[in-house]
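Each of the two complexes below includes subunit A, the first together with subunit B, the second together with subunit C.
Showing the complex of A and B:
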């Protein structure tokens, strides 16, 4: 399905999610925070797949879960289909849950071991009174299972009787059964081996076409994200540093971090050896993030300005956003 | 040219055979899945029963327990004589054909007294365990699920309850209230005290389990699916802690029978002329002559307590294994 730019499914403005860290003094209140998301703004249009990449701990999953209000946002705004859900009570969000779903990374812990596949998939359907228990529900569950590549007879089996790939399909079927508009795929294929990964990715893409879905696809695997996404956002230490259509980001990365990240994709082409850009040091603490541009501690292009001024989030080409003072120089990196 | 053609034909033949085998495989799979479907469509209760049946020792426990239940609850209805029929001519008779378990110091039929005492002991055990388990599950799951302040409050309360010394409290209560109530009210009182003081351990264990369950992604998934809190607890949390509940309930049941025996033994539970297993043992061991020369007085209730406690534990063990779907052996 084509992307419908007139319909914004998810809009987040300056979204912040801080986790409290216990301070060491006995009487001190929680004064320190892990800044998992520190002011992220993003619009996701209907029918689009937005990929989200970044190293582990940069706040990708937190963002995905905060958008769905599985975590309470600290600050900022979340609009879902135009409704402000930022401060909505769980009780009021409950009916909207049928429209927004999540697929989890770990196909083992995300399925209740005491429930059969049929119960897992059907639970929410009866909870939201979409179906009553009975033959009709069972038929619907089986049709969803078939769509996700599961056989009929599996309906009465328990999750532990399945392989990782099959379990991930169960998780997908569970989300899909509610007929949602928007699905967050939180590292949905990371726990699977490569051949199963491609099967599940193809399944996700087919399902998207058949059901008019919108995805936020979170992954640390750049090749996976490239394969599935229309636009890609790159995160670093709780911030979105670059957002662009997926082709642009691979051809012409504007942020030095993106460029370094892309240079780390392994290539099978021996002729065309890429220059690997090695970033010095590790990820700084997100309890005490660096001043100015958070990336300045590791950035080969950093100057005094980067240490002091937070770079602006600006559109430097059509649909291409970046937050870097010296994005023009990024091209020169690695040469 | 000719060779190429041959090769092509060969290739086609190969493809054909591949297709054939694929079709055959599909057919086989279809048959297989049909077969599997047939033996898979059994209700969960049936699955549990099938698993339970395979545990011989659990079946044995069930048999013994059922027997004890039937004997304790049915036989008293049909016995011709009252448990307090005194016969001065038959004091301290050893087991014989008219008095299967012998007689006691007042010439009362001991079989009658043991069987009726069993009814009392089982009643006390069952009701006290039900109260304790219900409270434990309720408090533990609410504390674990909501966490934070509610958790803190409930757990501190549990600690307060836990710190009540049971024996002094029970002794004081039955001493203070005992004279005002009749036997059945006193029995009820004991059950309630046992239940109200006994839930804290289970509540703690369940809370702990739930804290770790809450971190599992399927709980996040349940939230994302919009499952109500109550149903999250009932459908996801309770089934995952049910093994603990069963173990705790069976141990608690056995324990409560023993505590009731202990209380009666100390003279603070059921008192003569009523009867319970603990009371019978107490009376029997009141004098060393009884212990030494009239063993039927303590052997029968003692063995019955032992059998009941053991069989309940076997049943609990078997049930716990049967309920766990990972034990299905498939």
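Showing the complex of A and C:
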């Protein structure tokens, strides 16, 4: 299905999610915060897949969960299909959960071990009064299971009787059963081995076409994200640093961090060995993030300006957003 | 499942034999002998007469035979259902201890049921509202409960409720000389006597159970599938009770199964304070007076109970957790 730019499924404006960290010194308590998301803005259009990449701990999963209000946002705004859900109470959100779903990373721990597959998939359907318990519900569950590549007889089995790939299919079937508009795939394939990864990815893409889905696809695996996404966002230390159509970002990365990240993708082409850009140091603490541009501590292009001024989020080419003072120089990196 | 249970019970037989040998040997290693308590020498008896009387007692009871023979005699009788005769009560062991065990069961069954009924909801709520006032209150309360010695707390309760306020009877199990007009009045009378001792025992056992349930719940609440349940849009009640608690129940089952032997073993200290005619006191006296038959029979009984509780635990694990397979 083509991307419908007139319909915005998710719009987030300057979204912030801070987690309190307790620190008590001799002189008393002063509250400190882990700034997991520090002002992220993003629009996701109907029918598109937005990939989200970044190092571990950069706030990708937090963003995915905050958008779905599985975590309470600290500040900012979340619009879902045009409705402001930022401060909506959980009990008002509950009916909307049929439209927004999530597939979790770990297929081993995200399924209730005491429920059969049928119960896992069917529970939300009866809870939201979509189906009553009975033959009709069972038929529907089986049809969803078949769509996700699971066989009929599996309906009465428990999660522990399945392999990782099958379990992830159960997770997909569970979220799909509610017929949602929008699914956050939170590292949905990271826990699977490579051959199963491609199966599950293809399944996700097929389901998207059949069911008019919109995905936010979170992953740390750049090749996976490239395969599935229409647009890709790169996150660093709680901020979105670059957002562009997926081809553009691979061909012409504007942010030095993106460029370094892309240089880390292993290639099998001996002729065209890329030069690896090694970033010095580790990822800074997001309790005390660096001043100015948060990336300046590791950026090969950093200047005095980067330490002081927070770079603006601007559109530098069509649909290509970046926050960097010297994005033109990024090309020169690694040469 | 049935095949598994039968197999397990068959496995128990050699274990019980080994236990019986160890128990028998240990008891005979104890210094002293039963005839010293059972045959009292009168002042007008000579030492010789006295020794003769004791020797007669030993021969009569088979204590003169070598230990292995004694063991074989005893165990054959036990297998045939004859637990021997209590030297203190002068009657068969089963008849002697039966009523005391019954009294202990009445008290302990009540304590067990009540402490789980109280502790499980408190444990769940403490975990759900972690670090809240409610949680902290029960943490402190249960710590106090487990730290306070039962003899101190019991006497405190007696002083307050029996002596000062006169709400409850002082001690014992039934009111002396009271003829209950019907069965309900009889049980009501027992219940009134039970209030104080059961309070002491419940508060003592609450601490462990609350903490156990709380930590089991906390473990589960952190799990990914609880987040999945929330993402499904289930109400918080369903998330907590149908997803979290059902899974937290698995470790709690162990605790319940382990409490079963405690039902029959009585609580010597609390029973003594409240003069509750339970098995705890009887067992202590039997030990002191070298009432071999009673001590052996009771210890064998407890060993078998513990083994049985283990079996029940394994089976109930398989019942509550689909991941556990018995084979």
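In this section, the second predicted complex is superposed on the first by the 330 of 335 C-alpha atoms of A that agree within 3 Å, B and C clash if a C-alpha of one lies under 4 Å from a C-alpha of the other, contacts with A are read in each partner's own complex, and residues count from 1 in each chain.
The rule we apply is simple: contacts are C-beta pairs under 8 Å (C-beta built on N, C-alpha and C of every residue); 3 or more make two chains touch, one makes a residue touch a chain.
Just so it is clear, the structure is predicted and the values come from calculations on it, not from any experiment.
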Inset, instruction - Put subunit B and subunit C onto subunit A via the superposition and say whether they clash or fit. - result: clash
Legend entry - Partner chain in contact with A:9 - subunit B first, subunit C second, else both or neither: neither
Inset, instruction - Give one of first, second, both or neither to describe whether A:152 is in contact with subunit B, with subunit C, with both, or with none. - result: first
Inset, instruction - Could you look at A:117 and tell me whether it touches subunit B, subunit C, both or neither (first, second, both, neither)? - result: neither
Inset, instruction - Look at the residues of subunit A and decide whether subunit B or subunit C touches more of them. - result: B
Inset, instruction - Could you pull out which residues of subunit A sit against subunit B in one structure and against subunit C in the other? - result: 68, 70, 90, 93-98, 101-102, 104, 106, 109-114, 123-124, 127-128, 158, 160, 171, 174, 178
Inset, instruction - Spell out the residues on subunit B that touch subunit A in their complex, using ranges where they run on. - result: 33-34, 36-37, 40-42, 44, 216-218, 220-228, 231, 235-236, 239-240, 242, 325-326, 328, 330
Legend entry - Residues of subunit A touching subunit B in the complex: 65, 68, 70, 90, 93-98, 100-102, 104-106, 109-116, 123-124, 127-128, 151-153, 156-158, 160-161, 171, 174, 178
Inset, instruction - Please name which positions on subunit C make contact with subunit A in the complex. - result: 223-225, 227-236, 238, 243, 246-247, 320-323
Legend entry - Residue ranges of subunit A in contact with subunit C within the complex: 68, 70, 90-91, 93-98, 101-102, 104, 106, 109-114, 123-124, 127-128, 158, 160, 171, 174-175, 178
